[in-house]
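Each in structure tokens, the structures are laid out below.
What follows is a pair of complexes built around chain A, which joins chain B in one and chain C in the other.
Showing the complex of A and B:
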């Protein structure tokens, strides 16, 4: 492996660096750094503390308090009174289909871009990166108009196509880099055996690049699951309502924020956020690397 | 070139169609409709007229537009440049330091910052709606009242700082992770040499750590500037641009113009301005990252 020596050097330098770290930190330094960490942990975790206590509190309020009698009542109510089951199914279906579509489109495009021999190839890569930085909030009005003209509003097809497109530039770029590291002699041997290019990709190259496919699938699913802007402008039918829309609706349609049914919204929030957090924490290393390369936020 | 690459061109096609439809298409459509008086309802919806640059002259003469630009700049400087960038850098340095000292609280802080980032944006907005609530929010009802202080109308009196803090909470992890990665690539012998030369911790930090972070810092800054410039969900959930138009940033302005005033043509002109500014940032970003490669 080419990376071998590099990896060793890095590992060695880490050891050296740890060993070279100054010993005997003063207690003032330790105290100051720890105080900062405590403040940081409080600032970043307190809102979640509220979310997770309110969801189990029968009459949740806007401030943090531990429920007198923890209950699952809020969760029962969102399913019986707010049709949250429907929203969950819709979200799983849309995010799952988006994932499948993205994996296919990204595997084909990433591999092709990696193997394409053309003078202007680097321009394509830059164009893809440029698209990646385009803010959705700028194109949402045209996308709304386009979806209306093509009959893609209030349809699963519209949701799936648009969500597949949103993450595409970044995922194609990511996957191209994965394929760049797969040696060509693998597929060339398969061609000599008489396989077509498509079969060689599916049977020989993809298994080697399965880590990349895993990252693409995970990111595509998570992004489509969490995304809300396109959901808001594309869907107003109750039948097609997804998790973020159910959440948004329960939050916004009450008369003013003071009358928000916090327990119900928090319960929906827990079911909306927990899958993302769980999947992310399970695959943290991969995801952090992937998400860092993607820079578009909302 | 065609014959040799035909299979590969076919392979790019599905992705290219999706990108053309939902990225290039909408951008071109925005450019076109910004030159018309297209509306969402009424006569202009059916028969839009070509109006030249009228939408743009109207936009640049609109005092609201300049308020919105000022809000956007304040929001980007406050939440991206000072907040996410400054706090992200500080946290990366502290966490890296804690790692060498084997202080586990650093790992906990890292996880907490990360959690706020992977959390869906809509929930981030909602959590801060609850935190800021005047009557029962945790900030007033738990924090201030335990200090014996009277309640503060956070969103009413300090709308811009309120949305900035919420966005810092949501997005600091990105710069923190970038800088943590960069810190790990600084060769340790630089520090060793400096220590032997008798440089103290501050000198080593100013002379070695910061300069080696500079190239990645420029990229991170451009990148979060672009994503913060397009911020929509956090602000819409918290204030929806209010009170008045105190927190109306450019993305909300485009949305409200198109979907509340129903003027698509005018809304598209705003979108084109957004896309233009973003394009400028993106070109700077690509040039900078290419210069480094």
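Showing the complex of A and C:
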């Protein structure tokens, strides 16, 4: 199944090559296709290019130029003058905790939707999906009110709970599909081998669905890591500020919007983006396998 | 070691309008090899799964050693199930798969567990496979590992759900023999589900034939083959199946399709609307006319090596007759049929029940 699309593409390209060769127009086609491809790639890479050049440039500007004398000064300054270490730790803690909470909740809820029999299950299953269509900005005000009433503003608990809740509907659906792809007979075999339902879930179903758990964990972490709106409305304590807030603050306070210190912002941006990219590169095989498997179930 | 009883067990799935299992009663003796045989959808797997605790009966009771198990979780029933798909845990090595059921037993040390695994692996000749993963095994090897995982527990009952159906024909015949010998050696009560009548005949101490959720007949392979309780069993068991032809009574004789007169079996309850069943080997084929032999015409001969199945046209019916390897009449040859005494089975045409 996994190699299916690859095989078709390969077969198709072989057909295309043999069919196009006698026409003599094939290299023009190829050039056109590649030109478009390169353009698209460049379009998406340009911001990153700026980020990396500006971060090492002592007086970075709003356009791309290679630093005359590359320096780590920007990185030193964000840690010494702007307490960026604290923001990074806060972000890692919030995103990590959100991930753990989501994985536990999603494993249980997804299993229930996939395997257990209860009334109104299909209604609830679709209601969960419907929740996902709700724009976050539409629920911003009630979430703010709720967080205030419950004393969850300016607290790790509030950030973690709310971020975990925001992503929950989609992740539950995703996990349900992963569980649907785990054959029932595997856990039945575990029950007969003397396991309770919960132990069979932990020892057999979850390990077999580990790619799914990996995808859910990755997406939960990423969502909480990159989210900005909730951070802005829930946090104004300096101790609790996360990377997006530090970022935003630096952009805003350094001489208003006219005299932005691009070097500092870019250094923060690099440190914000690189860990997540590294994490993805390390787990990419699992993520890709998981995402392919999930689309099969949908 | 256990005796298993099904006491008037019924089960209907909500999406279906007829019961999957309909008032099933069975009594399986300690150490017996019982085969549940029937076409797909006959309820045999459901019956097995209810004993395993994977389905719950709507009514009736299931007992192991005289104690009801229907309210027990699967884990508390002490039965092992070999799945059709083997259900090996893909993320564990073969060794871990086999010792998985032992890990819940707190009284076993790790050393004891591993020595049990080794002993079972030796018994099944899979010792060299222990470090591998299930995905690296052939179908036959996976089947052995699944069997090892069931045996290592020394359960009260073995349940097997078509465990041979994913093997190729040659390996299946071989494993059939082995499995039967193994069961006798271990002496564990076994319930084996299959749709393959040859498997049932060769392996079972007794066969329970199911159709449409109902028990059609329970008996030894010989009994079920020689004295089928009804038309369904007669036609399901045997390859080629029993010849069934319309017939009517005429005094002490039965007149079959095509005007073939055969002697009525003794003690036959008088009835009209009957059918007569003749096993392919219950008909003798003669080349020359003889008194009392029914003339018929050969349609085609099918040589099978050790025997030949001669297809014969009799009136509007087609009869299959088993003969020796040298008898191969050409199509169109006139032949003369004689029914063996004791080989004539009579059935009620409407109910299908055997009358003798």
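Basically, the second predicted complex is superposed on the first by the 229 of 298 C-alpha atoms of A that agree within 3 Å, B and C clash if a C-alpha of one lies under 4 Å from a C-alpha of the other, contacts with A are read in each partner's own complex, and residues count from 1 in each chain.
Rule of thumb we're sticking to: contacts are C-beta pairs under 8 Å (C-beta built on N, C-alpha and C of every residue); 3 or more make two chains touch, one makes a residue touch a chain.
Note that the structure is a prediction, hence the values are computed from the model and not measured.
In the superposition on chain A, A:185 makes contact with chain C only, while chain B stays out of contact range. Contacts of A:140 after superposition on the shared chain: chain B is touched, whereas chain C is not.
In the superposition on chain A, A:66 makes contact with neither chain B nor chain C.
Of the two partner chains placed by superposition, only chain C is touched by A:204; chain B is not. Of the two partner chains, neither chain B nor chain C is touched by A:27.
Set side by side, chain B and chain C differ in how many residues of chain A they touch, and the one touching more is B.
Across the complex, chain C is touched by residues 183, 185-186, 188-196, 204, 207-208, 210 of chain A.
Of all the residues in chain A, the ones that touch chain B in their complex are 13-14, 16-18, 20-22, 25, 30, 33-34, 36-38, 40-41, 43-48, 50-51, 54, 61-64, 104-106, 108-109, 111-113, 115-118, 126, 128-131, 133-146, 161-162, 164-166, 168-169, 172, 197-198, 225-226, 228-229, 233, 244, 247-248, 251, 257-258, 260, 262, 265, 269, 272-273, 276-277, 280, 284, 287-288, 291-292, 295-298. The touching residues of chain B, counted against chain A in their complex, run 1, 4-5, 7-12, 14-16, 18-19, 21-27, 29-30, 33, 91, 94, 97-98, 100-101, 103, 105-106, 108-109, 112-116, 118-124, 126-131, 133-138, 140-142, 169, 171, 174, 177-178, 181, 184, 187-189, 191-192, 195, 201, 223-224, 226-234, 237, 251, 254-255, 258-259, 264, 267-268, 271, 274-275, 278-279, 281-282, 285-286.
Listed in rising order, the residues of chain C touching chain A in the complex are 52-54, 73-75, 77, 79-81, 83, 85, 87, 89-91, 100-101, 104-105, 149, 153.
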